[in-house]
Amino acid sequence: MAKTNPGRFFEDYTLGEVIHHAVPRTVKMGERALYHMLYPARHALYSSDQFAQTCGLPFSPLDDMIAFHVIFGKTVPDVSLNAVANLGYAQGRWITPVWPGDTLRSQSKVIGLKQNSNGKTGVVWVRTTGLNQHDETVMEYVRWVMVRKNNLDAPAPETVVPDLPKAVDATQLSIPKGLDFTNYDFALAGEPHRWADYDIGEQIDHVDGVTIEEAEHMMATRLWQNTAKVHFDTSARPDGSRLIYGGHVISMARALSFNGLANAQMVVGLNGGAHANPCLAGDTVRAWSEVLDKAETDAPGVGAIRLRLVATKGGAPFALRGEDGKYLPEVLLDLDYWALMPT
Amino acid sequence: MAKTNPGRFFEDYTLGEVIHHAVPRTVKMGERALYHMLYPARHALYSSDQFAQTCGLPFSPLDDMIAFHVIFGKTVPDVSLNAVANLGYAQGRWITPVWPGDTLRSQSKVIGLKQNSNGKTGVVWVRTTGLNQHDETVMEYVRWVMVRKNNLDAPAPETVVPDLPKAVDATQLSIPKGLDFTNYDFALAGEPHRWADYDIGEQIDHVDGVTIEEAEHMMATRLWQNTAKVHFDTSARPDGSRLIYGGHVISMARALSFNGLANAQMVVGLNGGAHANPCLAGDTVRAWSEVLDKAETDAPGVGAIRLRLVATKGGAPFALRGEDGKYLPEVLLDLDYWALMPT
Amino acid sequence: MAKTNPGRFFEDYTLGEVIHHAVPRTVKMGERALYHMLYPARHALYSSDQFAQTCGLPFSPLDDMIAFHVIFGKTVPDVSLNAVANLGYAQGRWITPVWPGDTLRSQSKVIGLKQNSNGKTGVVWVRTTGLNQHDETVMEYVRWVMVRKNNLDAPAPETVVPDLPKAVDATQLSIPKGLDFTNYDFALAGEPHRWADYDIGEQIDHVDGVTIEEAEHMMATRLWQNTAKVHFDTSARPDGSRLIYGGHVISMARALSFNGLANAQMVVGLNGGAHANPCLAGDTVRAWSEVLDKAETDAPGVGAIRLRLVATKGGAPFALRGEDGKYLPEVLLDLDYWALMPT
């Protein structure tokens, strides 16, 4: 087994090191078509070149979540192959749209380390950067995971916990060059609700549900070259179930949010996110959103809206945590992101 | 729930109104590849650029059924979200081929309304037109659906039932510009049978069968951005089954019909169609055809053939209706269309 | 049923005849994206245009197995529709890479015939050639299958068994024009192991496993326009199971072999292969490899490595045959191929 990748263990990470992740990927229209097949994605800016042109872009970019998944997938062999848990995201920003033909690669800098008191695991914080073939940053985000130690005798590193703001400041959001919503066509986009129509604190039940199949989540996860065993191999978990990649739930919930947030076109910030409970095939995924904040931007007709996106596998909308403060068992995802809307 | 789309109810339709459906869609080679993955599609004109060029076209267009599905899918949120039943199609014509890179959108005109005697539902007839980015009509068809009333006290509209001929007249079929079958390569196309070899009344058993999986029909239906809940959500129907989109059965049967009708290359007319019984995952779909009519065309070497295409989930071929005149329980689809063949 | 294809029976083959298979296929980026969705494919040369350019190619070709599957699929209606068993492969060579936009077609020459002693079946050997739109040979291989006789009274043909070397001689391998691994980026490729690091006789456990679903293997098989009933129709086999296309197992195993053979980039020779036992949905496929041979090439920095690739559905790695000399029941595939690696 000397030539196969055993993955990294907690003691293999060094504060400040930069990991260059393998296997760059050229993405084109095929990936876009697949995204529309795997998720009920209908945001018009990612569906129609003409619609995107009306919004000041040269043509329709690949979905922001494709960028995230491809960049994330490359980190798995180096960051989460031996992870016990994916603990959180922070400070995510989409900086440059991905155009058909772009080639993406990823690198991660270790920005925090903390061995757990049990001495068997530790938490690793990395800041991952996705780059295109022009060495432009496509997106970046911080992720922290709990990773097993292989050598329990390895000394604990100095504890460094990065200071991570609860949200990306609206002034730090990157607006795609040329974006202009002053000629936005609400009829073609599917809903009349503009940025000004949403109130902070407002909650939206996205109504629709999708029952998930094994074939679908595996194909989605493979498409992003994410190789974590638990998603594919029924012998990898004691109960024989395949754990669905958390990003599959993110994309499903974001697509379902079209119904009520059809004009929240572009995702530009990832403030935080928790995969609250595992999602398995057979679960019917639903979603609801809550408006957390709003901000103006410098781009013509473009407002920023901060949204909580919650995916569930049952229960009533708008219920998130129990009396004990913990996520309810039916909650799959609690995501906090910034999107751009026509004002 | 104020911001989510509740769909239209019977009382929300007005005779003569034109509904501009949302979310235009740019389709390219990805959608073509997916069509070949989802269906056993082998018609050569849609498989090979060189074959299409031999037939006088600049290159291979997207399958005619892709055009239909994309155009149909856009109408669902406005026409059939609260539909009880999809009752029929008529007067369908494919007018302009869809080329990779085209952007499609749909609009529907309400051409008929009839409240049912129970006062709870009504029938709505719409003429749907699909347009490309040059505002050329790609295809058009009439569909009628039974829709629930939301407000049972809403007054019944004046009854208008459109006069719909049983078939598109062969002289009204649109032949793609440049189409010329005089250099048609029967060997590459897969069968030697030409238009002249088919007799009116002839029946063809297409022999092959495909057992359908949940993941497949959901991915196909999503690909066309068709959002009807019953296809995706096991909680949407009392028995927990997911109803397969009727268009999935159409495409499956059309693809199976290659075996015996490999040279019925282009679909140009939709005379009628009934989804006779529901199709569910696990069903094994088979198909048979009957030649209903033949007509000459002005294009060199091109003949038109009118075909009944029947999809079943069992039973013997060529059985359609019982003694009571109703469709047999194993019949899924009874479609009536015009195709173009080399003479 | 006169117009449907019954397939060929043993008595329908004549030594020396050339069969021109139907339905040419244009493949583009969509097929490439689908390959990444269906298999955990990560070889960098097929993932990134920039990586391929670093290796001297104009951009990333389609996966060698896409070429094989498309070319193979076209032969099914003429060669294996009535086949009892797919007995073997030999003398396979990939000669010209497939670029997005190429159109592939296939032809097969009958090079051997041998009626079995039972008088009910016979073995047919064909040399299949895949061609692109420039009439260049993309790949060629010999396959032999056992085919049923339809007319048991048909006379047995003269027995001709072709002389097939056990392996393609390394000097006969075709190196893609321009290929140059002297600037190969091992970090981006995912592993540091170069050609010189592998020893003849070395065995590699590829560790990862993938549990297979019905929807996946049917979609993959359809994508290559392979129409063999046993893959799709639960009524085609007595036990109601759908037999998974052997090529699906080949692609899955090859993709899994990334973990330990990430730098075995291009497949250029197919020396032999046996589908040892049937693969069914629910099986968890794993793979191991053994280095059989190594050879130098004329291309800069490019070495050839001959590998045995074994796919299993259980059991321990490196076990192949029982004491009786037969394949163990858990062995799915025993493939023998040449690949190109950086020296």
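So that you can tell them apart, the chains are marked A, B and C in the order they are listed, and the count of residues begins at 1 in each.
To be clear about the criterion, a residue touches a chain if its C-beta (ideal position, glycine included) is under 8 Å from a C-beta of that chain, and two chains touch if they have at least 3 such contacts.
Since the structure is predicted, the reported quantities are computational estimates derived from the model, not experimental observations.
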Inter-copy rotation, subunit A to subunit C, in degrees (Cα atoms; steps of 5): 120
Proportion of interface numbers common to subunit A and subunit B (over half same, under half different): different
Inter-centroid spacing, subunit B versus subunit A (mean Cα positions, whole Å): 36
Where subunit C touches two or more other chains, by residue: 28-31, 33-34, 213-216
Touching residues on subunit C, where the partner in the complex is subunit A: 28-34, 36-42, 44, 47-51, 60, 187-191, 193, 197, 204-211, 213-216, 259-262, 284
Complex contact set, residues of subunit B against subunit A: 1, 3-5, 20, 22-31, 33-34, 77, 101, 103, 105, 133, 213-216, 218-220, 222-223, 225, 227, 229, 232-236, 242
